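Handing you a structure now.
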Amino acid sequence: MSDKLCFASDYMEGAHPAILKRMLETNLEHTAGYGMDPYSESAREKIRAACRAPEADVFFLVGGTQTNATVIDALLRPWQGVVAAETGHIATHEAGAIEFGGHKVLTLPQREGKLSAADVAGCVDAWRRDDNREHTVMPGMVYISQPTEYGTLYSLSELEALSAVCREAGIPLYLDGARLAYALATPSNDAALPDIARLCDAFYIGGTKCGALLGEAVVFPRRGTAPHFFTLVKQHGALLAKGRVAGIQFDTLFTDGLYDAIGKSAIAAADRIRRALDEKGYAQAIPSPTNQIFVVLSPEKAKALSRRVEMGFWENLGDGRVVMRLATSWATTDGDVDGLIQAL
Amino acid sequence: MSDKLCFASDYMEGAHPAILKRMLETNLEHTAGYGMDPYSESAREKIRAACRAPEADVFFLVGGTQTNATVIDALLRPWQGVVAAETGHIATHEAGAIEFGGHKVLTLPQREGKLSAADVAGCVDAWRRDDNREHTVMPGMVYISQPTEYGTLYSLSELEALSAVCREAGIPLYLDGARLAYALATPSNDAALPDIARLCDAFYIGGTKCGALLGEAVVFPRRGTAPHFFTLVKQHGALLAKGRVAGIQFDTLFTDGLYDAIGKSAIAAADRIRRALDEKGYAQAIPSPTNQIFVVLSPEKAKALSRRVEMGFWENLGDGRVVMRLATSWATTDGDVDGLIQAL
Amino acid sequence: MSDKLCFASDYMEGAHPAILKRMLETNLEHTAGYGMDPYSESAREKIRAACRAPEADVFFLVGGTQTNATVIDALLRPWQGVVAAETGHIATHEAGAIEFGGHKVLTLPQREGKLSAADVAGCVDAWRRDDNREHTVMPGMVYISQPTEYGTLYSLSELEALSAVCREAGIPLYLDGARLAYALATPSNDAALPDIARLCDAFYIGGTKCGALLGEAVVFPRRGTAPHFFTLVKQHGALLAKGRVAGIQFDTLFTDGLYDAIGKSAIAAADRIRRALDEKGYAQAIPSPTNQIFVVLSPEKAKALSRRVEMGFWENLGDGRVVMRLATSWATTDGDVDGLIQAL
Amino acid sequence: MSDKLCFASDYMEGAHPAILKRMLETNLEHTAGYGMDPYSESAREKIRAACRAPEADVFFLVGGTQTNATVIDALLRPWQGVVAAETGHIATHEAGAIEFGGHKVLTLPQREGKLSAADVAGCVDAWRRDDNREHTVMPGMVYISQPTEYGTLYSLSELEALSAVCREAGIPLYLDGARLAYALATPSNDAALPDIARLCDAFYIGGTKCGALLGEAVVFPRRGTAPHFFTLVKQHGALLAKGRVAGIQFDTLFTDGLYDAIGKSAIAAADRIRRALDEKGYAQAIPSPTNQIFVVLSPEKAKALSRRVEMGFWENLGDGRVVMRLATSWATTDGDVDGLIQAL
């Protein structure tokens, strides 16, 4: 509630106004609980259509850590772990939620936040060749995020390669789409929702960071991938009694192209900022094409800019310079971008 | 969205209109995430005041199962289990969430859904006297719900007795207040929020079933009761990125007596229904004084009534009669009650 | 090391001398670790033959609680719990080991320590008929012990009925044979090892309480029942580096009928004691036909007898009388029995 | 049971003959179960004396993975993880046993298998300085092994530095002594048992790989470090009914300097081999001074030697050469060493 320009993150406001409007309109209707309401059902149908996956199982959960923990617990057997980039959200900022569920995160090196198919294949192969493999945790699924924690994108061919490795290995590929709207709206992106549905065994379409109050839509493109998933959602404390709260939001996000529009406006804003940074000679620490920008600032500039702009601290470069993260969202106005560019 | 009268449960609508109004008003404000926003802080202060517990730690979680699992995991050590009535929600309808966290639910018999202090004392004492106690699960905390799953209430003296047993045993008393508004608003209730805060080591003030879209406010009356609870909330997937979604709702619920008002209107409606049932000669299976009514119906009456009224099935009595549950809420209108009474 | 007669339990001595002899003979041989040694392989073959289950997977673990926890974890999926008698060892004296692994123990009433097929069928049926079943823990396997914790035996027809219920329900039947030698050697027993192998999906042949230093042989009669069980054994901390320690013992137990002989001598001793108790007018609290005897004693008699005989305390009857447990084993001599009978 | 020379590992035979002899002598004595027998008590006293830790809590478990999982579970709270070298046994070859217990292994780089105090301090410091630390797993204890998985040793000053970092951070230091006998017997070692007891909060004295059939002695030098540890041992399936099996072995190992003697003979053998390797111009991949030797072999030499000597495969060097591990033990005879040297 400061009067600074807010580029701190993409979850600093409420919801896209169209969502609140729809919640208001439907507020007094009586609907069944636990996701059995017609809004949730409608949202599921629209998501199946958007994914061109008519048989998909779709579930609405509340937040990202919860979703990752529940899906991973559903897809792994006790002797298996989940392969992730060492920078993967599940490996770093989820307070040990995966381990709480009993599973090891098997980390591999990353490049620009991404796992390579070759590294995953190597990991699977090393396990298979290891005479002591039954004393170790078997790589049992692969976790990626799109965009990554670094704002970067897997290309379609990279996703195809990862998918091929996973299918050869007989293990599922799971994509964390906490910020998927921004990936889908990035001009250089060539992996559309149906591609993701075709290549992944599970993924989630992020709501919280893409205009909803909360909510993530888990999609299993092939029906029956995760048996009794409803019970696991309940067991993980992820089941909303008023399931409509997520259902109405996703129904709105997938009506009249709102999810796309939210992504596009944020990417347009981010692109304007990136161009301005380039023009003014600022370096960017990570070549993110999505709604997160990682700008390198001198200590003086960081201090001065912080007085006018809310940013996220990313890291110290060791030479005095810092990397700050700027994020855009549906709530970023042209005026906000103008103000930021002026302040740079 | 049927045109039946809706008495199926207290979570069949959206939120109390005052809550949605406040969410709309504040929607475009930028606030910090994860409960660090000013609305969450304001709500915490109001809850502390309502509980007369100025030092209380207050956290906002999303739903009941999640809250129970997180609090119980925070309060138990690995060698301990949680004592509950055999009808307790954690023992029956939470899909094994407590066991998922590694803890046993130690069930005791119930009377009208309640645990007795004597039974809890007996359980603790039996463990202490058992020469093999170190081969068994130690009773490490006590779980009760107010109102209970049967809509009944612990009296103040019953709570005092349970609290005394727990303190003598050195184990925490935890109260699940999923429907606490209705308990507090029941005329015969003599255990106010400050009493609960004084007698319990942890409890939660229910939002989801008391007028909010979602949200439960966990209160540890004595600061520091549960160290690193924030991390546990995250680890359990219970942390809202947009913490304000819960914060604004509880801030509204605890402004101008809204939480009390919500309880009172539901109890007034339930009392009207109970009087009508008595007058018309219907038996009630459980003497619930709160917003849930357990009416005994002949098979024919149940069938006929179900055509006009949405109710919850509770149980078969074995002699052909059934028990149906009617629940009132903030959304129950006088017209709804009139219609129901007419239909009886 | 007192000079009292020892009837306290069946694990108060070392191992049957034939076992120690064999360990000594083989002590300096070099063998592979982790159960890959020729003694373990030989023991597996002999157990397969004794069970008439030539395809069985056989694993050697160390103790009973560990075995139960590992097998149950291997057979259950996360949304399932294990059905057991309320007196089942896993429900009472395993310190919450099953819950530590994330699973609920679903208890049913017992009669003489036994589950009835009808009760199990009722439990499965109730879950299937429950509209809210996906909010509850699914009965996912059945745990029984033979003999039971009360020393009683399931008859062949009782096992067949339980097995039929489990197969109809599509869930595995698991038998805890911690004291299986005594069951098999009881004259009235009509369920032989091949019957158990035919009717159960998993069971263990107890070593620790049947003459070994330690060790339990887990048998999955149908190959592949529990994939990656070796890894689960390791994960549960149940894998012996020197797997031969268990392998040599079971190889010896299943050579020249030693396992049968151990059972028979203990049962013969117990039968002599039971006859003497009957003759002298002592009541037995539980009609156990195996190596455990539950004798009812007046307080005076209990005190007097305790000076000469080590017994296990079982329970107070409330009227001053106590139930004491006497257990026989391979180590019980005729002289011990003579001494006990004289002391009665 | 091949006629090759056996240097495959230090757990390929039974037990040191003195142990078997003692088991035989005591076999028919009646003793209490679960570690309450006089041999276990005597062993505890001898270990306390050897550690100069008269108040120590001492427990006997069965194997290493189990011991690590149980101790780590006892010392960590749910929001904490265990810091280990990336080569630490708990991070690699325990099949996810630590994660099964709900805890993350926080890995740091190693040098010759060792953690540095500076790296641990850096890890703790980074957590403390991280504004998002409550979203991450807190470093809650430090795991080291002595000797390490690479056969190397922490010097006394290195242990003192690690201990100082841990105490400053307020987190326990735990030492895995699976092969501790060999560390203690190494001429260059300057960290004696009393040093370890003084500097660590928990450690275990390995039996399985140091001459016992099985068994590890957990020592908490300060009484009460791990409350209800007995129950955790049971819960983890690590409690021996016949506790004497471990007790007699450790009582024997700590009588008349047997544990020292076992270490010394193995180190003397390893030193002879190392000298021979040096003389014959073989490289050693890791400068291990203990009972494990990591010799670099050409493919031809590896093949030739494998025909006469059982060794453990360690790794491919990428250039065709392989590293093979040779291990000595109490069972290694002078003749074995002569034969090996001749075969080199």
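Structure notes:
First chain written, first letter: the chains are A, B, C and D, and each begins at residue 1.
Methods note: a contact is a pair of C-beta atoms (placed from the backbone, for glycine too) under 8 Å apart; a residue touches a chain by one contact, two chains touch by 3 or more.
From a predicted model like this one, the values you see are computed outputs, not experimental measurements.
The chain pair A-B and the chain pair A-D differ in C-beta contact count, and the higher one is A-B. Where the sister copies chain C and chain D meet, the same residue numbers recur on both sides for over half of the interface positions.
Taking each chain's centre as the average of its CA atoms, chain B and chain D sit 50 Å apart.
A separation of 33 Å divides the Cα centre of chain A from that of chain B. Centres computed as Cα averages put chain A at a distance of 42 Å from chain D. Residues of chain D in contact with two or more other chains: 78-79, 94-96, 100, 102, 134-135, 231-232, 234-235.
Interface of chain C with chain A (complex): residues 73-74, 77-79, 102, 134-135, 138, 227-228, 230-232, 234-235. Interface residues of chain B, counted against chain A in their complex, comprise 1-2, 6, 8-9, 11-15, 17, 20, 23-24, 26-33, 38, 62-67, 69-70, 94-97, 100-101, 208-209, 213-214, 231-232, 234-242, 244-245, 310, 331.
Residues 78-79, 81, 92-96, 99-100, 102-105, 131-132, 134-137, 313 of chain B are the ones that touch chain C when the two sit in their complex.
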